[in-house]
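Before anything else, here is the set of structures, which you'll find just below.
Across the two complexes that follow, chain A remains constant while its partner is chain B and subsequently chain C.
Showing the complex of A and B:
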């Protein structure tokens, strides 16, 4: 990994250049006080402090809540189908590592298996990722380090920035795309020295400590999952509180389920995909009405099995990246850590 | 990188279209299409959270079944028409009838789904242009009894406290509210408060989700609310747990209340309500002993022939224990629709102008005549929504204009409603889809959805909040406020506003409770809670501070229990109660076109207790007939422990298997609200 550094004011200049060349999405705070990914018009408005958006970055361009797939029309000579326009070049700036790892998980799921997802793969090819390492947890629900997902990225980014606190950001270059950005704007960057690098390592270590929850033991929890039954009382207590809003799925960076629907009138319409939620009963119900997971506690249990066991069996690692969004967005404060903690013993 | 035209992505903050919680979220818009929803993390209600309807509140917006141009019915079939043709015909028919048969031969329905500005304009259209008070909306069907009952007791017919105070309550009395399903972001706060140690008393004939969190779940017989509320007050007074200071300083009518509740011993009440006497007494003690007790109610209290009595009884209980006028206490009717509070506030009601100024008050009449530059505004109370079908059948009402309501699914005894609507000479329906009611119309006008217009909604805690235009109007649709302006102008009264901002200014000018608000102030934060009388007033999180009631002293109303209009008997042995499902909204116009919601509950059903299923030999999952004296429907049986024995429940959302074919259109004499919550039914077809 080649390392450079960039002055804060030069970083703003870089963003200014990038926004003209591509669709640049970066965290910005609006006048109501909410911060989220927005298209960049004025680079000076971009939030340069590490930040965790409520909606994971994967939802911004790769796999959204509601996407058109094709339009169709029945004609005398058969059904005419038109796919939606191809994705455009996009740069995501300022995502935390939990989001990057979420995208890498989605890559495994959508792009690297037997059937590659046309829409995802197209959008992914056009995507450039610039992460911003979290020096401290963006909020109290973060536990990424306990799950082995940061808060600093090891791989998968095009560029990673770290705020060194002295008016500079350290720049890690992770790919050819990242290298090209640096080459195209080389006057904005300068070489990082040994001192910078050792300070960076120090920050990294501090950050890892601050996002570690001592009572979460990922290895033990994943080993126990499936072997030790989940505490029945805990699952029932969670499902009694759950109001079936679906937010734990909608905001999860590694939830990949969608439903395909047709919006149709007369003989024409649009085929869309809608982000789905396994907390909803209809997700499991079969034609004919039988539902193998009729009870909410069965669906609650299913979600933990999916995140902590089946994801690992399917793709090699747990789907939980420790971002804490399922708790951030939960109206009744259901905490996946409670389940992981129980399994950690 | 190759240079290509960039997508335009923007995020637009707006207010949810569904319930009265008033959550705010961002529409994510890409190249003119809504592709996602993100809850606002700073908003005081949503706080980064939404319910399942909120998360899915955009799918219907781009649905191809949206109405895109006006329709005029010719020979029983709709033909595409221009705006000019449609407006001309409406003007001809409405002014013709008004001229020939008098002002009160035309009537208007506003809409709790539309904005404050739109409801203000339709009430202005009725009153200033047509000189009739025949303007009402679906608040008649949900909280008419609250508006009347709380105005009489406290002086203000609205939720007294704020959603933000819920998590700090010590005791909740929730009755007739399936809060987690109908006001999910309030329900979640109750669950969180219980987890922190609060006590929940749930009085409901169904074991709804909150029952799992209730210390006392007391399933009452439908319609017995005055009895058990009097019973609780009996215990409190008998054991000396009333707040004597509060009663002395801030209320009137206590002695009469005391006398009336004397005979309502828990044992006497048990015979009427079915609630075990000892449990009721325990619950009464828990409520009275806490200084932060909050009453939360909804349709289970209001939709009765004794709806106003029920509301007054809730108010009695809160005053008796001094649980009002402070944070985390109060009487909290949860308003159902996104803007039912606002539609009431701006005067889409038969008896009041905006700000609850009475049409019978000569000074108010003069004020509005002057403001609108007209004379001869009517001072006679108009025909309520629930009286319109009869008046149409009697030939009194000839032409009806419905903005965004669907009485062919929502109103009681719809067989009768259908007859009424068909008896009209002329029906106009303004909506975004061709609803069951629109199908009966002579002219259909296509409005825009909430994503295509600006305006304000007022949520259940009286918070006036902005909705914002995120996309251009679809097809040849127009925002509802614009349509009303066009109709008024076609009828000879020039109505013209550049935008909803100016309509709101006129509303604020005329309504004292909104007087200090304008779009700039609403923009600063997440809206303002009324009353907000001056430009520097910060808004009002809870009403009647320190026992200073809006009307001076709070009034106790001594109320006796009365039976519902129709009770189970030998011929119709079961009690039907109706309500909503979490996944659908009212007449399903929007949610049937939202895949994840429609998939959850794709058809109507009847909840039957296993004991009744056994008794009447009904198998779970089969289609059965359910009949009342007014009709028969076929629905799927859902055998479940949720309803109590002898009571069945049917959601009212479905036009196919419509609960309102069965419901009773008997009305509360004062509020004219129908008794949706109790009628007698049986399994099988009617004779």
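Showing the complex of A and C:
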């Protein structure tokens, strides 16, 4: 990994150049005080501090909450249909590593299995990822290091930035796309020395320690998920508390389920896909009313087995990246970290 | 802490991804009523390009502006059939399809799913058991088997429905019943005065047949409660779960293992199924 550094004011200049060349999405704070990814108009407004957006970054461009798929129009000779064109070149700036690993999960799920997803693949090709390493946990629910997913990125990014606290950001280059950004704006960057690098390693270690929960043992927990009878008792307890709102699914960076709906007005319309949640009562219901997972307990089992057991069998790792968003969003405070903790023994 | 790594089970696809969500237009060339709420449609692709499929596969059928749903193929490509599907009026899309006329348009994509392992049963006796519209998907494998009649031994078709009016493919059942070494037995819950078949659930028909569980393959489709009791009976008769083959119906939105609605245990009904042996369903904890 080749390392450079960039001065804070030069980073703003870089963002200013990037916003003109591409669709640049970066964290900005709105007038209500909420920070989330927005299109950059004024680079000086970009928040340069690590943050955990409420909605995972994968929802911004790759697999949105609501996405157009096909437009259609009734004509005298039948319905004419047209696939919706892929999104334009986009740079996503300032995402944390849990979101990057969420995107890597989605890459495996949508792009690398049988029947690659047309819309995902096309949007992904046009995406550049610049992550901002978390120096401290954005909130108390973060446990990415325990799940092996952060807080610093090791692969999958185009550029990774780390705030060194001395007016500089250390820059890791992770891909050809990242290299090109650096080459195109080479006057803004300078070489990072040995001292920078050892300081960076120190920050990385501190950050890892702050997001490691001592009582969580991922390997043991995932192994136990496959065999311990304890999990059945846990599923029942979770489902007793769960109010089936679906917030855990909607905010999860590795939830991939969707529904397909048609919106039609007069003679034309759009087929869209919308994020769906397996916790919702009607998720498995078929036309005619039969519902194979009518009991909340069965849907709870589906969610936890999917996340902590089946994903590992299917894609090589658990779907939980330890971002803690499901707990951030849960109105009754169902805690996946606590589930993993209980399974760790 | 060891770093987490995602690795897909299959290799990445080369080249541009095909848009699997984009269906092809078909013309409805023929419609016939199978019962009070089931219609049979013969379809022709407007682009004239071929459409190959195997017995047991399904297609995603849509009317733009109404929606899309998975529907079993009831015809048999093996015989050179036109594409045929049969649809029960049960939800918004199927109600809309029932209002269409010959010459009207539908959209189809697929075929999706695995298929009935009908060739593996060669040399054996075949026991088809269907309840209600469970006969619709089984018709594809029945026709494949009858098309290669000499490769199989004795064939039984046990069919149960709510009433004689609800029996689908009555004409074809009658025709099959006249073939050598084929026995078609029917039963209904509520008979009419003219009804000549049995009365009661489909498992009552087992009293009238004798089969060798060692050399018989069973194909089974029907409502969940019927599947459950038929499986119990087949197991009592020493049929191995590996030789009991069924096809599942689940809510599906994509048909290609992405939308997540059709999970049966950790398997996708759309890509790992819809055809499962009873042994597989038991392992998935989904035998009911």
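Criterion: the second predicted complex is superposed on the first by the 329 of 345 C-alpha atoms of A that agree within 3 Å, B and C clash if a C-alpha of one lies under 4 Å from a C-alpha of the other, contacts with A are read in each partner's own complex, and residues count from 1 in each chain.
Basically, a contact is a pair of C-beta atoms (placed from the backbone, for glycine too) under 8 Å apart; a residue touches a chain by one contact, two chains touch by 3 or more.
Keep in mind that this is a model prediction, so the values were computed, not measured.
Trainee: Once chain A from each complex is brought into register, does chain C clash with chain B or fit beside it?
Mentor: fit
Trainee: Which partner does A:99 reach: the first (chain B), the second (chain C), both, or neither?
Mentor: It touches nothing on chain B or chain C.
Trainee: Give the angle at the C-alpha centre of chain A formed by the C-alpha centres of chain B and chain C in the superposed arrangement, rounded to the nearest 10 degrees.
Mentor: 80
Trainee: Going by the contact rule set out at the top, does A:306 touch chain B (first), chain C (second), both, or neither?
Mentor: It touches chain C, and chain B stays clear.
Trainee: Where does A:163 make contact in the superposed view: on chain B (first), on chain C (second), on both, or on neither?
Mentor: After superposing on A, A:163 lies clear of both chain B and chain C.
Trainee: Of the partners chain B and chain C, which touch A:321 in the superposed model: first, second, both, neither?
Mentor: Once the two structures are laid over each other on A, A:321 reaches chain C alone.
Trainee: Just to be sure I read the superposition right, which of the two partners does A:276 touch: chain B = first, chain C = second, or both, or neither?
Mentor: A:276 sits against chain B and chain C alike.
Trainee: According to the stated criteria, A:241 is in contact with first (chain B), second (chain C), both, or neither; which is it?
Mentor: After superposing on A, A:241 lies in contact with chain B but is clear of chain C.
Trainee: If you tally the residues of chain A touched by each partner, is the higher count for chain B or for chain C?
Mentor: Tallying touched residues of chain A, the top partner is C.
Trainee: Considering only the touch criterion stated at the top, classify A:259 as touching first (chain B), second (chain C), both, or neither.
Mentor: both
Trainee: With the two complexes superposed on chain A, say which partner A:116 touches: chain B (first), chain C (second), both, or neither.
Mentor: second
Trainee: Between chain B and chain C, what is the tightest CA to CA spacing in Å in the combined model?
Mentor: Least C-alpha distance: 9 Å.
Trainee: Of the residues on chain A, which ones does chain B touch that chain C also touches?
Mentor: 259, 261, 264, 269, 276, 285
Trainee: Taking the touch rule as given, give the residues of chain A at its contact with chain C in the complex, in rising order.
Mentor: On the chain A side, the touching residues are 69-70, 72, 74, 78-79, 81, 83, 101, 104-105, 107-119, 121-122, 145-149, 154, 208, 212, 218-219, 256-262, 264, 269, 271, 273, 276, 278, 283-288, 290, 292, 302, 305-306, 309-310, 313-318, 321.
Trainee: Using the touch definition up top, name the residues of chain C that touch chain A in the complex.
Mentor: Residues 1-13, 16-23, 25, 46, 64-69, 90-94, 105, 107, 224, 249-251, 253-254, 256-261, 263, 266, 271, 286 of chain C touch chain A in their complex.
Trainee: In their complex, what parts of chain B are in touch with chain A?
Mentor: Interface residues on chain B, with respect to chain A: 1-11, 13, 26, 28, 33-43, 48-52, 54-55, 58-59, 62-65, 180-181, 184-185, 187-188, 191-192, 195, 209, 212-213, 523, 526, 582, 595-596, 599-600, 621.
Trainee: Help me check something: in the complex, which residues belonging to chain A touch chain B?
Mentor: By the definition above, chain A touches chain B via 21-23, 25, 30-36, 38-39, 54-55, 59, 64-68, 88-89, 240-241, 243-247, 250, 259, 261, 263-265, 268-270, 274, 276-277, 280-282, 285, 289, 328-333.
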